[in-house]
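In structure tokens below, several structures.
Across the two complexes that follow, chain A remains constant while its partner is chain B and subsequently chain C.
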Partner chain A sequence: MSALETADTKQNLRRVAIDPVTRVEGHGKVTILLDDNNRVHQVRLHIVEFRGFEAFIEGRPFWEVPVVVQRLCGICPVSHHLAAVKAMDHIAGYHRLTPTAEKLRRLMHYGQILQSHAVHFFHLASPDLLLGFDSEPTRRNIVGVAAQFPEIARQGVLLRKYGQEIIRHTSGKRIHGTGAIPGGVNKTLTTAEREELRLDIDTMIGWARDAVGLVEQLHATRPDFYDVFGEFPSNMMGLAAPNGALELYDGALRARDASGAMIFDQVPCSDYDSLLQEEVKPWTYMKFPHIRSLGAEAGWYKVGPLARIQTCDFIPTPLAEEERKKFMAPGGGKPRHGTLLFHWARMIEALHAAETIRDLLDDPDIVGTDLMGEKGERHLEAVGVIEAPRGTLFHHYRVGADDLVSYCNLIVSTTNNNQAMNEAIRSVAKDHLSGHEVTEGLLNHIEVAIRAYDPCLSCATHAIGQMPLQVDLVDASGALVGRRRKNFSGDAA
Partner chain B sequence: MSEILAQFMLDGHRIAFEPGQTILQAALAAGIYIPHLCAHPEFTPHGSCKLCTVMVNGRNGSACTIKAMPGQDVLSDNPDLNSRRRTLLQMLFAEGNHFCPGCEKSGNCQLQALAYDLEMFDPHFAQFFPAREADGTHPEAFLDFNRCIMCELCVRASRDVDGKNVFAIAGRGRDTHIIVNSPSGKLGDSAFSIHDKAAQVCPVGAILPKEVGFVRPIGERLYDHDTIAEVALREEAGARSGEVT
Partner chain C sequence: MKLVVFGWGNVSRGDDGLGPLLLARIAEARWADASLIEDFQLQLEHALDLQGADLALFLDAGKNTPAPFAFTEIHARHGMTHTSHALAPEAVLGVYEKTMGGRPPPSFLLCVRGESFDLGEGLSAAGAARLEQSWAFLEALERARGPLEWRARTE
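And now, the complex of A and B:
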């Protein structure tokens, strides 16, 4: 854990705040304490909103939860929908889904992985990567990308649209549908819908492959910068199939340490509580989970694409596995930890999602009509875990004899990455900010590190070019000595 | 002496009626929809929700309780009356806890469908956010009074059809609420059955069969393709021909 979490003393330090952090989902801020020589003494990512879903889910009927809880987010609601319904399957007494139901849920999930990864890379991250971290801020957005790289922007928009169409066909709506219900799904995929989706899948696989190539080329231009920006060693966690394959919908928990050695493997998701512990810190609403046996100092970890593709043994689709091997090669058998490598890993996963979608569409079960499993013994407690686009997502519920939820615990992907994101911005602040005069471009380096994690701080909107940003320079006595501001229309002031 | 025709005027249309019919019944029989919530073709008119308020010869009244008579000049579908109906709906939404995005009745709910039909875009009034508990004690039915609009259809059905008197109105003014007739006040201790008529008449999501939830997919729900007017006219025709609706 970095020494930059808490300064030895706050005397004679000035505070710089990035509030809010932009081009992320939700609302967060970064505070940096600097001395007179601009040396960094403290860096923190604060999550300043409180949602309270765990509390108001209590008292609601269990079959309602998968639909209600997905309102946590407008970007990856499918993850919450499916994690909740996986738990509710067991609560309701359905311990095995029909092949059609499971494959339709998987199709929905991989559609979401594709659309979410596309929206993050092309809409949120590509302005930094393609236009430059310190390029003109008013043009550093998807509109600016569209002006300079129209074909890349078009492919990004259409990849996302394709993923959204899969979600619509499997859940009834592009956002906040109702497809998965305890015991199965409520909707078939018609042959006509399958053929409609099949028409474009090869194009999508091609574009996803091009996107991997784009990130790879970017890293090749300056590996000394892109590969080590925001680099820090950490444990990594994700779901894996029994044979070690990357698994995004189901599977068991697996973690490796920074050198790639296995910490645990094939731990049932229902045991997450004995495996992980959450720590509370007074300066943020987001908790800090860590592996219980390793303690808070050494047990924190990262999740999400970069962790997943290095925690698994292989990706079970050929093109993505080929790209994973190319990605791993420079590490010489050891994991790679540069923060910007998240983008590369994310596009490899997007390619895997597109390949999996093709395979699912080719499967005869996908147009089956047997949607509900056989009901067995009910349970009063269950855990549902899924690999959301941003990382491992835990839903844990207890239900009373009256079928109403009595307990709810959610550990969302971004919470799992809390310590890692803090470490990333401390690394960047130390390497790029310390000792320099603070400029908008340098502060954007901090945001670039946060964005790489694709954090979902809530389901707040992220309108293009309309994010307000204000950075205040305050001296040690608290007096304002300088201010840089961007207003709602994106104009610098 | 000329015969008096059993007809009245509704928004300029001549409507024939059968003696004893209310304005609402005659209008629906003639294929003209008047917005309503507490009226149900199988139950005695109640006149409490006031959504069916029309102007009869210059005076306001409930179309579900006023008998149709010759010489009536009735106004219903005009901007002024629809604006008042919208206000009534806004009051209903503000008074209860109606969270359509997470409600399993969404797409099958008369209150929601009517709000869409009357173009209610916001609740306008400050939300009451009343503290109301959900009751899951019955093995087959779930009660959620957060969504109750006090139409009393369950009260009437339990009393008049089921002969059980499971539900009743209690309290006064803004504290008016539905109570359950059982020693504990819980549905699980009452004589209620999922097969009762009272289990099938709730126009909103206050009385629901358990574990059915979102089983009907988006695109196949009652109001996904048909307006509330089309559904109401179909149900009225079914009730008159003796079909089960």
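And now, the complex of A and C:
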């Protein structure tokens, strides 16, 4: 854990707050305490916890939960839908899905992964990698690379659209779809729908592969910068198949330490509560999960693409696995921890998602009509875990004899990454801000680190008028001496 | 004149549902030659929904919007935010320019002031009243559909 979490003394320190307020309920803010010589003494990322989720769900019939949880998050409704229904399968007594039902759920999930990663790449990663840094050497080096990829923006939109079409065909609607229900799914994929999706899948795979190539080439222009920006060693956690393959829909929990050594493997998801512990800190609403046996100081971890592709032994699709090996090579067998490497890992996963979608569409089971499993003994408690685009997502429920949810606990990806995000911005502040005059360009470096994680900020609401980014400069006496704000268009206000 | 209408928000978060609720009113009234798009958030692919439209209307709730609502013409903006979770309507127009290689259709935003946005809440009393006021305004817009006519009604 970084020494920059708490300053030794607050006297004679200047406070810089970067306040990315988003929507209504959730928001995040970065505070940096500097002394008169601009040396960094304390850096903290505060993200407002997801309040009200449990109250929204408790008291509802269990079969309704997979639908209503989609309203928790406007950006990852499919992830909440599938994590909830996996738990409710168990509650309802369905312990094995039919092959068609499981493959349709996987198709929906990989469609979500593809579209989410594509949005991130087009909207956040490629502008950051291509334009996000103001240093001349970086700009000069990337111009030639960028010229080779003139179609990035259009491809990003069409990749997103393709993923959304998969979700529409598997859940029935563009939003508010049902799709997965306890015990299976309630909609088949017709042959016509499958053929429509097959028409474009090879193009999508090609674009995803090109995107991996773009990130790889950009890193090659200046590896000394891209590889170490926001770098910090950490444990990593994700789901893995019994054979060690990357698994995004199902599987068991696995964690490695910063050097790649296994901490635990194949722990059933239902045991998460005994494996993980959530620590509360007085300066933020969001909890800090950590591996219970290692303690809070040594047991925190990161989740998401960079953790997943290094926690698994291999990716079970050939093109993505080839790219994973290339990605791992510079580490010489050890994991890599630079924050900007999240972008590279994310596009390897996008390629894996596209390959998996192709394989699922080619599978005869995908147009099957046997949608519901056999019902067995019901249970009163269950845990559903899925690898959401941003990382591991836990849904834990207890249901009474009256079928109503009596307990609900969610650990979302952003909470799992809470300590890691704090460490990332501390690393950036230490390396790039400390000792320098704080300029907008330097503060952008902090934003770049936040964007790499793309944290969820409880964004299921979106009222116009909210300012997603606010930077406050506050002097040692607490007086506001400057403010910059930015809206959802990225315009300063 | 082909119209595309976006109504976005979360009906499970109080007044955040004003956009989708207005969109539902339009669907019920069966406006002719209008495509209706509902979503939780505006995103990149909504730029594709602008293709072929002569006019675009965005319906949303606003936290600091002057009551009861504001009606403005909007234009493409290009810029970066800290998140990929949502786009502003101006950013969707910017994506259209960047990816389609042309100017988006004339676009207008009707932003209704909301008061309460908590999860699990219904419309606030003020939100419900403004829903009726803004619906009356939308009906008037529909009676004179066109960029010049709508521009004359902007603030």
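Please note the rule applied: the second predicted complex is superposed on the first by the 443 of 493 C-alpha atoms of A that agree within 3 Å, B and C clash if a C-alpha of one lies under 4 Å from a C-alpha of the other, contacts with A are read in each partner's own complex, and residues count from 1 in each chain.
The rule is simple: a contact is a pair of C-beta atoms (placed from the backbone, for glycine too) under 8 Å apart; a residue touches a chain by one contact, two chains touch by 3 or more.
Since the structure is predicted, the reported quantities are computational estimates derived from the model, not experimental observations.
*Asks:* Name the contact category of A:L72: first (chain B only), second (chain C only), both, or neither.
*Replies:* second
*Asks:* Would you check which partner chain A:Y94 touches, where first means chain B only, second means chain C only, and both and neither mean what they say?
*Replies:* Touch partners of A:Y94: none, neither chain B nor chain C.
*Asks:* Examine A:V119 and indicate which partner it touches, taking first as chain B and second as chain C; both and neither are also allowed.
*Replies:* A:V119 sits against chain C, while chain B stays out of touch.
*Asks:* Have a look and say if chain B or chain C is in touch with more residues of chain A.
*Replies:* When the residues of chain A touched by each partner are counted, C comes out ahead.
*Asks:* Looking at A:Y301 after the superposition, I want to know if it touches chain B, chain C, both of them or none. Which is it: first, second, both, neither?
*Replies:* Touch status of A:Y301: no partner.
*Asks:* Quick check for you: in the superposed arrangement, does A:F53 touch first (chain B), second (chain C), both or neither?
*Replies:* The second partner, chain C, only.
*Asks:* Of the two partner chains, chain B (first) and chain C (second), which one does A:D402 touch, if any: first, second, both, or neither?
*Replies:* The first partner, chain B, only.
*Asks:* Using the superposition on chain A as set up above, list the residues of chain A that contact both chain B and chain C.
*Replies:* 68, 71
*Asks:* Once bound in the complex, which stretches of chain B touch chain A?
*Replies:* Residues 101-104, 133-137, 142, 188, 210-219 of chain B touch chain A in their complex.
*Asks:* Write out the stretch or stretches of chain C touching chain A in their complex.
*Replies:* Contact set of chain C toward chain A: 8-13, 15-16, 38-45, 47-48, 60-65, 77-88, 90-91, 94-95, 98-99, 109, 111, 114, 117-120.
*Asks:* Inside the complex, what are the residues of chain A that reach chain C?
*Replies:* Chain A residues touching chain C: 20, 22-25, 52-53, 55-56, 68, 71-72, 74-75, 77, 116, 119-120, 122-124, 127-128, 132, 153-154, 156-157, 160-161, 164, 174-175, 447, 450-451, 454-457, 459-466, 468-469, 486-491.
*Asks:* Quick check: in the complex, which residue numbers of chain A touch chain B?
*Replies:* 59-61, 63-64, 66-68, 71, 92, 171-173, 176-179, 181-182, 186-187, 400, 402-404
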